[in-house]
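Before anything else, here's the structure in question.
Every chain is named by a letter (A, B and C) in the order it is written, and numbering of its residues begins at 1.
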């Protein structure tokens, strides 16, 4: 006999009955608001081609590094999960991989992956039995059948999920073909790109040289001269804006910024492109480029996102066998207060610039990020990120940032995912946790109920729309919540 | 129609009914205890002159960097808040500034500033309508009228607030005139000073040279020789003790201490005063001076407070336009375990010395500060400070320090404020949070109710009185809670 | 009139009634499970000789640095606590020391020491009055009388406590005589050793030279040559395994590892043994030895425990007067992500190796340790350690690790104590806190009740048995919870 799969309507709300009742009321008003997803990694070809996905494992398991990092940590070979090797050795077939996931689904107890997957199973696929070894094939078959129907094509799900805005992320050397095809198709879903130039900035990336060549081809600029290189960035930023982008994204090892003279920049760039650089040069170049990107954002109004602090591809053996992005990225200690100063010395008092800061190092929430965002007009706090995109992580984020930075220096939720089907689940978790946090403030008489209700709306909808300038009226300017909240309060 | 302003009697208590009931009982016994404020930044001329304050904005907004840092972060120009520029450009008038605060009061939802201000409005000024754009003028007028009366002069409020002891903070080069006038006036309020010599120790401060000259004038010592400089400190410490001081305060960038030989000190001091110093010299000199101050504290019994870890004036543009202390101080990562070792190697086993440690880096609470204070007789833990002087910050402080350091290695509450009218509000928040924490321990059967009741008294009154040696009998000695608690337990 | 001593049956459970009821149910099923204590510091001669302990102070106070660090922090001389000095100056007699503890027992309110002691008093000795100054002699006498009986000899208590497995810790240069005598005695209690080679690895330890000589004597190897030194480790590891050891333990100042060539190792070892080393050499040698120990663990299947981050003997004055291990160890900031990379580059993908990581720096739980253990098959997370072996510390551990690493990358509880009588108390605290944490997940509908019940069993029994390979069937292999949990789920 198998067990039932049920999503409890009160899930994630605090257990105290008074607080829970308040949370329930707050949540009821935001549960069904449209989804705004300003930062993520879905594949734009899905929406361009609108082809059917093939099967549960290929869609839900193989691309999800949250899942296979846990399985791998318990001694399961990636081959058994249908994760391709660099050498092309064929991995297991999807159904076999799916069974491995079912056999070890208990490993995810207490993790967000479990909540997200159960939500996908119950809400997207209508499953009524729990996922476990005995139902692995039932799930694989049922999901496969649904995925073959029109109702489960990418665009249909986009509409069903009530997604209002979805940003993907492309490199500076990406053709943006998929986005062009989306626009040309006449489909009304708002899927836009984000400018992520790391590939042409990080000389330590193994594919830097090729990316730079492609960058030259796409722009027709002399990307091997400092001025030509900057001009190429300007051109591509314009291309990206034309493809709907409102933001850039920067995933550097650290938050270091620099503010060099033009002569220093030229000398540094000559070393970088001349293959005569040290790791310190590589770091300094990335640092300087954050400041250059800020300068261009002041010009063109694109919002900057900085995602620092991940030590990528930590597992040398796995990198050799399977390549990058296989769940082996590990956060490191990250400094912001000194790192950002060169950039802020130049643009800190600008009210045109908007930079959204993320961290994998929670010790900086209260110590550095909330004080920085609670002071500088150009800085905002991104939501709890990656390993911290979880109920406890979100709760800590609010507890450690709100008292210093308030709610209005935050920017709502990012799902940051390539797992398209989990987007509603992830936004639902964020809404529930935010409502639970607000409910506690109300229960402790630190906030009035009507204030909490307004804030629930802001945290779900208002802040993200303004912070990412996704409505025409927000195209430039500080993107604060002052005006809107005033309107609400009026 | 405007909304009512009400302070809920259960505010800040945990929502669980059992825990809340215990918290209520504990709080009832300490709510009305006199206020002891051993560390703060009120202006002693208020109590010397006892003049009326002029208006709400000048009293409550312009000096409060908690308020204008948040407003500034949302793109509001400091000119609009009546914050003076360096160049004397006239700022807006107070009423206009006050309206800006009212227009953006929603920004403070969830912050301690909101709780403190509402407390001031309701309890000090008797306002019954909420503060919002529609009541800005009503507030400005009502507060202005009250401030013009005798009942709202500084000394009257001091009495009304039932303040038993209030320490201000003056530089080593301050004349202490205001304190002399307080004493000469015959007024019985106990307002004392605190010796803060940073201005004559930190050669990186832009006014160091002038401060040193003034230090020489006030002491008649040759402050440009190492021995004369130390003698000048001894003289001024005696002056400060004569003005009631029981403590010194040290606001260094780091917690670094040093233990150099006399010859090394003389050479270092020659560089510092010869304008031939490096940043490393500046840091080493500050480090050595902490140890020298400890040596003098062993002699004269003054309690040392160390407040490290703030990166001052982080915003270069704002510093250029408006000068220091404009809400642009940002905490940085701070080490204690290695930094304090040189000082502790010399005085660590002394039971005469008492050093109170503060931090802006919460990651050290459980890792460094609680273990240090839970071992060294000369070390105590100051309360959660500045950005962490907040309900969540106080809760984290207790949760992360109590299990290792106990309650008796802490020193009660500091309001650390220049916002005189908010002092009762701040102490009330601390008492409520402490009672809520104790209540949880009782509810979880980790503490007996009578033990919690004793501790509530200690956290409110006993610990601070002994730690700061404010009663004659505590003038020297370890200032522990051992004796008193014994008495209580007996 | 004295007060009653009562252990409340609901102690440490969350106050919310719903959550508490769930916690109670979960706890009822694990409260009486046998104790598995895979890491601790009890004295094996107790079990070898089975002699009676003499008195309360000598058994419960003098060896417990948790107790005397707190007393010392409040100005109490260690002489008054019967702690021996290096120079052999006689300390106070045990009864007088015991009275000092009673006089200051209030200092421990809110600390785990208080909970552990009260548990020992009530459950082991059957005391019914609270411990306080008035009952100090009553306690001393009653405990003394009981300790003189057969029922309170070490082996009798071992059986009464239902200890299934108890690991002590011995140095590489220990004879293991006590363990030999335990085995030869025919007693059935499973008391095993753990291989802790720090004494022959850490050249900065003041007794390194003597330890190395003894290491040579015990092994007959030329421990002054690199290969002979490694061979000596192999021999001793075999000796320890023969004495039941399943694990090694490494208490280094940092988590640094290295991966040097043989030639580099030989040159480094020559400096270390030639007394021509720098502190950097000492650190590099410790780092390399962690990797060597990992290599040997791959060979012989011993589980590695790494306990880094304690700055030992921080108090120079106390070290001079009383020697090491006197409560003056202070945690420091600790990096893992870079530190462990050299070792992981060599063995990271091994599923034979098992390394259990501990920390005193809670900021790494979510940032480094959970991501590392949630990825690498060879890494597991040890429980919250030392200063964090406490209700709040355990709660934070679960909250900050579970969402990324799950439960199955953790290893159950360690009591890590030399206070033998407190072992049941410590395990009871851990079981209660884990059940409280699981209960919250159930109350928030993040876990089903049957899942929580399975996990409570795993956290109490299953994980520790497999992680430490204490059952024959786990002698080698990844020691994951996959198989067992599958069995449970089946």
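FYI, contacts are C-beta pairs under 8 Å (C-beta built on N, C-alpha and C of every residue); 3 or more make two chains touch, one makes a residue touch a chain.
Remember, predicted model here, so these are calculated numbers, not experimental data.
Peer 1: Rounded to the nearest 5 degrees, how far is subunit A rotated relative to subunit B when their C-alpha atoms are superposed?
Peer 2: Copies differ by a rotation of 120 degrees.
Peer 1: I want to confirm something about subunit A and subunit C. Since they are copies of the same sequence, is their interface symmetric in residue numbering (over half shared, so same) or not (under half, so different)?
Peer 2: different
Peer 1: For subunit A and subunit C, let me know how many angstrom lie between their CA-based centres, rounded off.
Peer 2: The answer is 40 Å.
Peer 1: Please output the residue numbers of subunit C that touch at least 2 other chains, ranges allowed.
Peer 2: Only 14, 16, 363 qualify.
Peer 1: Under the stated contact criterion, what part of subunit A meets subunit C in this complex?
Peer 2: 3, 8, 10-17, 69-70, 72-76, 103-104, 106-112, 115, 132-133, 311, 314-318, 327-333, 360-363, 387-388, 390-393
Peer 1: Which residues of subunit A touch subunit B in the complex?
Peer 2: 14, 16, 18-19, 335, 337-338, 341, 344-345, 348-349, 351, 363, 366-368, 370-377, 379, 399-400, 402-409, 440-441, 443-448, 451, 454-455, 477-478, 480-482, 485-486, 488-490
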